[in-house]
Amino acid sequence: MEAFFEWFRWLYDETGINLTFVYDAYDRERMIDGFLMTIWLSLVCLFFSVIIGIVGAWLQGSPLKWTRRLVNGYIQFFRNTPPLVQLYFFYFAVGNLLPKVATDYGGEAPLLGNFAWAVISLSFFAGAFNVEIFRAGIEAVPRSTVEAASALGLTRLQTYRHVTLPLAFRVILPALNNNLVNLVKTTTLAYAIAVPEMLYVANQIWSDNVNVPEMMIFLLFAYIALVGILVWSMNRWERSLKIPGFGTS
Amino acid sequence: APVARADIIDVVKKRGVLKVGVKADYKPYGFRDPSGKIVGIEPELAKEVADKLGVKVEFIPVVSSNRMQFLQQGKIDLMIATMTDRPDRRKVVWIVTPNYYSSGTNILAPKKFGFKKWEDLRGKPVCGIQGAFYNKKTGKEFGAKIVAFKGTAEVYNALKAGRCVAFVYDDSALVAQLQSPEWKDYEMPLPTIDDAPWGIAVRHGEKRFHHFMADMIRGWHASGRILELEKKWGVANTPFAKAMHAEWRYFETGK
Amino acid sequence: MAWTPDQPMVSLKDVHKSFGELEVLKGITFDVMKGEVVCIIGPSGSGKSTLIRCINALNDIQKGSITVEGQEVNDPRLDKLELRKKVGMVFQQYNLFPHKTALENVMMAPLIVLREDQQEVEERARMLIRKVRLEGKEDSYPGELSGGQQQRVAIARSLAMNPDVMLFDEVTAALDPETVKEVLVTIRELAEEGMTCILVTHEMGFAREVANHIYFTDRGVIVEHGAPATFFDDAKDPRTREFLSQIL
Amino acid sequence: MSAHRPQAGHGGGSRAAGSPRSVAPARAGPAGAATHGERGAPLAVLHPVRMPEPAWNEGGGQWRLRGRHGLWLALIFLLSAGAAWAQAEPGRASVFDIIVKWTPLLLKGFVFNLAISVMAMSIGTVVGAALGLGQISLNPLLRRVAYLITQFFRNAPWLVLLFFCMLLLPFEFSIGGITIPLPDWIKAVFGLSLPVMANVSEIVRGAVSSLPSGQWEAAESLAFTRRQTLWRIILPQCVKRMLPPWMNLYAILTMATVLASIVGVSEVMTLTGEVLAAEGGRTDLLVPFYAFILLWFFAYCYPIARWTVRLERKYAVKI
Amino acid sequence: MAWTPDQPMVSLKDVHKSFGELEVLKGITFDVMKGEVVCIIGPSGSGKSTLIRCINALNDIQKGSITVEGQEVNDPRLDKLELRKKVGMVFQQYNLFPHKTALENVMMAPLIVLREDQQEVEERARMLIRKVRLEGKEDSYPGELSGGQQQRVAIARSLAMNPDVMLFDEVTAALDPETVKEVLVTIRELAEEGMTCILVTHEMGFAREVANHIYFTDRGVIVEHGAPATFFDDAKDPRTREFLSQIL
């Protein structure tokens, strides 16, 4: 292992290609933490954004005018403002309005930290798109199929759970897939509020070591790999949900 | 291999414009006024260089992560951008000696915490600026958890909100900040470390320009120009500037 | 006022139904007795589907009354779920749940709505699938079945709720002659077992074969009705005669 | 002869006409087809939906736009500015004054954002359209290459692509002795046009493949050549389909221009940071300033979104 | 070897066609003379659509030969565009160009493919629209027309290329009886003018009315054929008899 690390140090001395995060223990640790942070942040945001999508689509079908308006306002706000500015706004504006709690180092800090706010604002951001996607999926389920369910005596909730949602899910998977890929790409923005994810760490490392090109190339491949894994597993899921004799291909 | 190119002083004179990379978010060393112009101590120094060369000056705003690239690429001819003079940076660009300025690292922290030594920061969240070199040291040697933001405005906000216990930064900037009544409950309690000089940089291989700049800097120190500028922009005279003035005045004038 | 088998199973009295401005049903009245098979025919857009959907409370009506087993369908206090346990409906487009196998489609309603025992339901479902002659197709998804097969699964799915009345809306449209025949046989068997059936159809041959009584609707009213023999060969109304003359 | 044409013919006719493809014929597998009586049957499930295009870097959703969402945002801004003003200690400039003072500079930056977005969109659209046509080309090699390029640039984070252009492109280049400078913001334009290109490519491909294959076959059987079919039959129908997602992409791009701040282009976010620094890092300014910027973006992007929805509705009826 | 009108207009010899593993056509042979109207009937999935698409080279074949006016269709050197100028096709789903009006739909191919004169083409197109009895609908978009009307525009669009042969694939499926009648009248008029027509249909009444000759296909082979009278009333093959017996 050490020899492997040393080889990269040698690489730097010989060629100037400086991959500190391989041979420098401190940088390596940071980079691994950053990588894990990106994955963790992505997973948590994926989860919540899908939940928001499902609930939001359900609320949008609500008979109450104000519920629908609220959901629409939410969607418009998040779709039409830059996510980077949203993050700032949430973290510094809304975040500081929350009650403070005592911290274990003796001070008082706002209730939610930067990771929590990154999750909240990125989930709401991606969720705004997911609501749209889910609603389109639900609309794709023909009324006649829903009628068939109610003609069999299923209640509204039973129909939603057993018929509408499973069918809608199959229609929207490609779109959802795409949206989630974008979510993973967008987690890079969390660096702005100091969530130590991959870009944040890379930024620190290239500032310390003046090796921007190397770090950028590494980042690019790391993200392509992450997105690749996501796309692959979503495709597998899509295939496993495929109904025989149904669908375009 | 570096391509042989025309001497930069000739190029600048022919072009009639000197392009200087300066900070635009580092009050009072380089920042914007409401008209969008970049002003501050460093832009004034840059202006003097241009005057000496008999050309106009153009300020290009840079940040820590791109300033050396810009110089290498030739996008700027000269960099006066609060850059600490460090050996690994000298591999990339030519840093002019003598150094023109210096600053150490210290923290801004609420008085109530009563920090006494750097080790007190261990395990606690400490705010910083993204890309600053002392982040690594503060994290690695003193065990603080660095929470770095892009600009000082964000950091001051986070510090006040209690998201971190201290702000690790250049002591000169912190001293300026402490003069505001808004920060009366805060202090700069630790011994300044890493008192490291700032370097003006030129591209690798620009021998003539390097000499030219070295003369400029010596002149500034000898004449007390730096001390003057500090006063003008509301900074207490730093020991480094005083010492350099004393040294170079003696050297030049024998007094 | 309990319902007795000598009263009409389904009874419509002066039913009016509008969609906004458009009046689709303009006073429809008829009775269907237990075990009867009734066909409703008529040009496209004449309100046949609407009529049949009103019986199942999928549409509400503006005026008149519809009763099933003596119970008023249009009563807002009516428990629609109760009604739908009594009335089964088969749609033109089958409307099977494509993400469930044939067997699961049949089992779904008894399991979810009636919360019956899994084992029992499965047994009955398999029996029904045999009844519609689909043995061996239990585990096929709708997409793997032919139209006629899908239609028969849809019939079995409705039967699984043990309804007293079955409604069929153009169940043979879009099927080829051979498949039509298969569905016809299934419906005829149901009728023989005493199921009350109301059918909407475009296929005159089919109506003639299966019905006890035929109603011809046009523009929201019943223009003519009668037993198949008299209806087809001896229609009195000119509109009916013209419609029948178009049949090739 | 056919006296009753309109009345009777209508229901069935318009049903078939309204959604000629709503019931996709699903073919049974080979096993099914071999046995007599078994066959694919139309499956009345799932309308061919127009997805609200997948994501925030492409596509057009169709949400209902009602109410004045912008007002809410303005309200947030005023409230936050008011709160900051209330907290401000006496003797200091009020938040409103400060914002007014810096507005001209920030507006300059915002206009710069818009300029970047327009240029990146133009470049991305032209190159992306070519790439999209490559993706549906009959030449398998061209198709493959176009596909790979599209996927690569679609899956890479925008920010990383931006950095790449900043680093890889020279600050000036010469053609035939003339030296053409390549300022940062031009590099940002290139950096942003890469993902735009990939998304436009997908929009083109998606629109073309969303047309029923019957359109190709009909044209083919009328002896149209492939080129004629593409340019006279397919693309004219696609333009309408592509317009909403294309406009949506533009709105997304506009919002993404703030990313250029990270690579040091003097656009509105960079300037905001610099302004805050120039004001001496006053903490009460942060919120109003960012709300102010949010408001501007909303004011620019929301009308585009509305217009997109309107177009979408209009074309949804026509096609 | 020039083609003369006494030779078959369309001639199929031992045509085999597979989709991957699945052999859909297993040796089809028949001739169609000029001015003849031929109907192909048979159960679903028996390969009718495939057969008709092969004549138009929309599908290629693996074995055998198809000639149109003596020209081999399956020849890789064949100019497909030339073939398609001779052969018109009308699809079940109409496939009109939705961004063009009825008139433009009809005019498009002559203008773009044949590069004929705008004026002349428009004149002929209006004549064709009158011929399919759609006067007044020239400027309607397909989305504004009923199914039967769209179908007739599709017919006019094919006719505008002055084809020698017309192929119709289940043009009356999804239409109601009265609209079927309208389309039937149009096709019959074409036949009377001497157009060679090959039709695939599920409607036996339609086939009986319009055809000179009927072919019955099952599982990729022609099981029986003959003139309508003998075919319907006197079929010899048991499979055909079974199929016909299902018709109500």
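Going in written order, the chains are labelled A, B, C, D and E, and every chain counts its residues from 1.
In this text, a contact is a pair of C-beta atoms (placed from the backbone, for glycine too) under 8 Å apart; a residue touches a chain by one contact, two chains touch by 3 or more.
Everything numeric in this text was worked out from a predicted model, so none of it was measured.
Here the chain-to-chain distance from subunit B to subunit C, counted in touching steps, is 2.
For the pair subunit B and subunit E, chains touching both partners: D.
Highest inter-chain contact count (C-beta pairs) belongs to A-D. Overlaying subunit C onto subunit E using CA atoms gives a rotation of 175 degrees, to the nearest 5. Distance between subunit A and subunit E, defined via averaged C-alpha coordinates, is recorded as 54 Å. The geometric centre of subunit A is 38 Å away from that of subunit B, both derived from CA atoms. Mean C-alpha positions place subunit A and subunit C at a centre distance of 49 Å. Across the assembly, subunit A contributes residues 88, 92, 96, 142, 144-145, 167, 170, 212, 244-246 that each touch 2 or more other chains. In subunit C, the residues that touch at least two other chains are 43-44, 91, 93, 95-96, 98, 142-147, 174, 178-179. The set of subunit B residues that touch two or more partner chains comprises 65, 69, 150, 154, 157, 161. Residues 24-27, 31-36, 61-63, 65-66, 69-70, 73-75, 150-157, 160-161, 177, 180-182 of subunit B touch subunit D in their complex. Subunit D contributes residues 24, 26-29, 40, 43-59, 61-67, 69, 72-73, 80, 152, 155-160, 163-164, 167, 251, 255-256, 258-259, 261, 269, 286-287, 290-291, 293-294, 297-298, 301-302, 305 to its touches with subunit A in the complex. Residues of subunit E touching subunit C in their complex: 43-44, 173-174, 176-178, 180-181, 184, 202-206, 208-209, 243, 246-248.
By the touch rule above, subunit A contacts subunit C in their complex via residues 142, 144-145, 147-155, 158, 162-163, 166-167, 170, 241, 243-246.
Considering their complex, residues 68-69, 72-73, 75-77, 79-86, 88-89, 92-93, 96, 125-126, 129, 132-133, 135-137, 139-142, 144-145, 167, 170-172, 174-179, 181-182, 185-186, 188-189, 199, 212-213, 216, 219-220, 223-224, 227-228, 231, 244-246, 248 of subunit A touch subunit D.
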